[in-house]
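Below you'll find the structure I mean.
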Amino acid sequence: AGYGAPPAPLVVGINPVYPPMEFHAPETGELQGFDVDFAYALGRQMGRPVEIREASFPQLMIDVGSGRIDIIISGLNDTPGRRGVLRFIDYLQSGAQLLVSGSSPFTRDIDLCGGTVSAARGTDFARILQVWSARVCTAGHLPDITVVGTENSAMARLELREGRVQAAVQGQETVGYFLDNAHSLFRRFLPPISQACLAIAMRHDSALFENIRASFEQMKKDGKYQSLLRKWHLEANTVIPS
Amino acid sequence: MTATDIAAIPASPILEVRNLSKSYGSTSILKGVSCTLNQGDVMCVLGGSGSGKTTLLRCIAQLERYQGGSVVVDGELMGIAAAKSGRFYRLSERQIARQRLETGMVFQKFNLFSHMTAVQNVMEGPLHVLSVPPAEARREACRLLEWVGLGERMEHYPAQLSGGQQQRVAIARALAMKPKVMLFDEPTSALDPESVGRVLAVMKQVAATGMSMIVVTHEMGFAREVASQVVFMDQGAIVENAPSAQFFSAPSHPRAADFLASTLGARAQTN
Amino acid sequence: MSAEIQLDDHSTIIERGRYHMAVSLVGVLAFVAWLIHAFAVSDIEWRYVSHFLMVRTIMQGVAATLLMAISAMMLGTVIGLTFAIVQQSGNPVWKTVVAGYVWLFRGTPVILQLLLWFNLALVFPHIWIPGYGSVQTVQLMTPFLSALLGLGLNQGAYITEIMRSGLTSVDKGQYEACCMIGMTRLLALRRVILPQALRVVIPPLGNEFISMIKLTSLSSMIQYPEILHNAQNIYYANARVIELLLVTGFWYLTIVTVLMPVQYFLEKRINRGWSG
Amino acid sequence: MSAEIQLDDHSTIIERGRYHMAVSLVGVLAFVAWLIHAFAVSDIEWRYVSHFLMVRTIMQGVAATLLMAISAMMLGTVIGLTFAIVQQSGNPVWKTVVAGYVWLFRGTPVILQLLLWFNLALVFPHIWIPGYGSVQTVQLMTPFLSALLGLGLNQGAYITEIMRSGLTSVDKGQYEACCMIGMTRLLALRRVILPQALRVVIPPLGNEFISMIKLTSLSSMIQYPEILHNAQNIYYANARVIELLLVTGFWYLTIVTVLMPVQYFLEKRINRGWSG
Amino acid sequence: MTATDIAAIPASPILEVRNLSKSYGSTSILKGVSCTLNQGDVMCVLGGSGSGKTTLLRCIAQLERYQGGSVVVDGELMGIAAAKSGRFYRLSERQIARQRLETGMVFQKFNLFSHMTAVQNVMEGPLHVLSVPPAEARREACRLLEWVGLGERMEHYPAQLSGGQQQRVAIARALAMKPKVMLFDEPTSALDPESVGRVLAVMKQVAATGMSMIVVTHEMGFAREVASQVVFMDQGAIVENAPSAQFFSAPSHPRAADFLASTLGARAQTN
């Protein structure tokens, strides 16, 4: 942008279906969440205003290609399969966290063998579960677990609530929010079974890559990143190696 | 044909209508109609438009419910039966369907099954209601169609037949069920003059087999020639019921006389 | 044998029909009561249903649904009418074009059509608007415009068929009478053919509008903030999926139920000149 | 003044219509060519489209789509026929029940109905099946059964209306003729009324089946593995969204296009006895 | 009424049909028909069913395209025009619509606009084609409806009028456009006998105003009384064209003589 002209906004795509990362407050409809705060903070750091565009999860992937949005910050996992289309900057540690119903008798990992687990189709969790099942169940000569791919993580939890599945898996960073809201309906089962990263995603040819990476590094240095983590109780998910 | 079977039954009232009354809402259509048809007789029903002739036939055939009176065919009360309590109850649909086998009906508008050929139309009842074996049903149907003069047209669909041919198929269809009484509702009034003659000829043929018949018609010639008894209706009531010869020579009710004069007069003019 | 039958009045006859009716009435009522009971004591938390029924975002969703249904229906009607007229003009080229349009748009799921419009930028990164200049397609194709085009063009394919049958239902003699008082084809259409086709066209158009109300729910996929979309936003946050789906169901049903008598009165009005 | 006009043969007259037609033909062809070109040079990666067109999961999706469309259509036809017959029986209780069914199922989006069936366990945790005993609803309500019930019952509401108009289209005299040869109502329906109603009913049923093919795509929401669902699974992994949507569009269009002549021949066959 | 305007025009051929030929596919319907109508004359067109009478009228009115020949109304070539090259080109739809104002047509089936009242039907053309101010259009429409004897029925819809009344409204509608020639295609053949008389009376009234008319009819009485010229068609050709008196007294063509004999004979029988 030339002198005097306001800088072009940074257009950030968000699929607000994933509390506490991004969601609409039920009563007011206001968009909020860690990713939202993070996007605005990043824009401030870059000196550019931020414009948030909402879209469905697959639509985000199209939008970043068609130029409707500059980047995705929407709880998107950095997975090898997507690297053909997208370029990532990891900003949050995530893991696949198993949930079981509050009344479930399960205590050990092998309790789940032969059971059914639901996971949102837009995530990498189905693959992770299969790897885990191979390690825990197949190796122990127990029946494999069956993975059910649901439309989104809300549906995955609904299947758990109905008893259609014995466990549901979701991003570790989101679990706290649900346990706070759903009281005794669910409980965590085992520690996270995988480690992955949520990432800012953009086109391979995006000119913003370096600028964003530098800005994010700066946020880590001056503590803005850490204060956001604190605000959303996600200190455990920091990408800063300890 | 069916003549022999029917002739075997001794002459006796095959149909009795007693004090039949029928109304739509508050308008009374039949006002206590009574009449008797003896075995093998032909009764012609005459009367002006709207006098209730069709309604009477439909009540006899149990196609309409009536609010009072009874219809008895060959000793069997139609549509209702006495309960132990002494009261009456309405028969079930299945029972009424069985009772309707006693009466055959030929409609003004033929009402042939339009998706079936002539022979299929005639076979339909024997095959699917009387459970006659298919081969036998077809043989009988063919015989009947030959008998009404349609031996050449058995495999034609109704849409491929003239009105008069359709009506003759309809007569064959009714006869195939071997009814005890045949009801005809103006069977020729939707036909061209040429066809009228053919259909009337077949009806005479049917009468000649000894079939008991009630015929609503405006064909005075037919009535005079074939009917044993003539009933004249006016405004939902039978105002004259007389042997045919007597009715045509000297109708006693003034309405009937008027009607006869005007109808025969009109004919005379045209000829 | 039957000589003693005296049935002067059938009103005392025992009608089996009445008995059957009473039995079926009791049966149906019992079933409905059981269903209501089952829903009431189920896992569904009804206080959430009643709470979110009138919440602001849901009401905005209702308004957005109506806005989209009406707009898309108007667009579809304009397209359908135009194409039906074009098809009747007799030019085989235009006839083929219309047939192709109907085939394409009736042959693919609406959701795909919505997504393709929303992502038109992949094919046409820039669009040149007469009198305005070139704009970025992604700026132009807002959720509203994409849903409008997607739903409207899809609807247009169906309305083309409806309008065609409406136009052909008008006796050819009416058109010839128009010709003989010097009308052009378009004037005849406007003054005589269309007003008469209206009678035939209004009932199916009413049904299409009711379908459209429900079809609008698909535009939640491209972020158009209609009822379902706003309800989804709520259940993503609070996980009350079934409760919010019941809320949306309630609203769709309400809109449709309100529209049905409207359709009925419209049909009656249109038929007025005819019978009376 | 006009005495010299000699126009024995009009074949030499210059017809403006032909000129217009040529112009419009060129225009339309140019437009289509431009559209194809724009799609070809767009951001869409066609090699992905062609690659995934015949991939095994997509073909399985096609099979699943057809299976579901046919099953749901059969269920809907059975329901619609039964309800239309029940409605005509004259019992006001059943009439109200049928009207209520049609109202409820036509008044709510199909997607809601699918989700409610799939999540029936929230209302009825256990279901008692005669001759089998009690089963867990979640075991019973597989994606297939939920989609079948959801789509079939929804379709049934529409088919009820179609069947009703089919039954009433048959002349009442046909039914009376049946009565007079001793048929019961059901036998008359089976042997005479239904075969004749078929002519009226087949064209709209064909249209409904085509709608059903596309409606099946909604069952992807409840994990029924039809075309769209399987395509989504692919694009969730590789992010080639538009390419896979085009693949699904291709398949839906293909199925529908193949079915159209089938419908045409069926209609012709049914009408055979009538005209000939 | 329009009489004064029309009477002002000097008597001259108002309509010329030259060598008109028309075919559907390979079947030839009109085989080179020529005839001339003078200003203020009434030409009756007679002929058996299928002889091409309706087709001729429709070609004159430019409702059908013809493959050869020409129609000239009041000196103006209809439907086509000469190009500079000496060839001819088809006029545009708009131009043909304007030319059709020269001719008015009354159809066998009335073809009244069924969503408009009688007076709206008559006003429609003046208002929306000739752009007459509404008040004036209505005044003129009312006058015309009075003139055809329908002053009482102006606000009735066609469905509320009898056939004869509808046909009189149709005549008024055509007259409202002040055409130079009126074409009638069997205007009374869809009517009951009573209505026929009324409509013929109105047509005589129209003829009396000096309107040039071509009337296809089977009403011999009307033809004999009103026509100045009679044209007899057979198999798509005019086989006799003679002054009315001559035609009825001594038709020269054998077909015409046959036709006349059978039609008048049939009439005689019925009376």
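Think of it as A, B, C, D and E in the order they're written, each chain with its own count starting at 1.
Definition applied: contacts are C-beta pairs under 8 Å (C-beta built on N, C-alpha and C of every residue); 3 or more make two chains touch, one makes a residue touch a chain.
In this text, all values refer to a predicted model and were calculated from it rather than measured experimentally.
The chains that touch both chain D and chain E are C. Following the contact convention of this document, D is the list of chains adjacent to both chain C and chain E.
Ranked by C-beta contact pairs, the top interface belongs to chains C-D. Distance from chain D peaks, on a Cα-centroid basis, for E. Centres computed as Cα averages put chain A at a distance of 38 Å from chain C. If you average the CA atoms of chain C and of chain D, the two centres end up 16 Å from each other. Averaged C-alpha coordinates give centres for chain B and chain C that are 51 Å from one another. For chain A, residues touching at least two other chains, in rising order: 59, 62, 65-66, 158, 161-162. The set of chain B residues that touch two or more partner chains is empty. The set of chain C residues that touch two or more partner chains comprises 17, 43, 115, 119, 122, 125, 241-242. Pairwise chain contacts present here: A-C, A-D, B-C, B-D, C-D, C-E, D-E [touch as defined].
The touching residues of chain C, when paired with chain E in their complex, are 171, 173-174, 176-177, 179-185, 187, 191-192, 195-196, 273-276. Within the complex formed with chain D, the residues of chain B that make contact are 61-63, 93-94, 97-98, 100-101, 103-105, 107, 109, 111-115, 124-125, 128-130, 157, 159-160, 170, 173-174, 176-177.
Interface of chain C with chain A (complex): residues 43, 52, 55-57, 60, 115, 118-119, 121-122, 125, 136-138, 221-223, 230, 232-239, 241-242.
Within the complex formed with chain E, the chain D residues making contact are 1-2, 5, 7-17. Here chain A touches chain D in the complex through residues 57-59, 61-62, 65-66, 81-82, 84-86, 121-123, 148-151, 158, 161-164, going by the rule given at the top.
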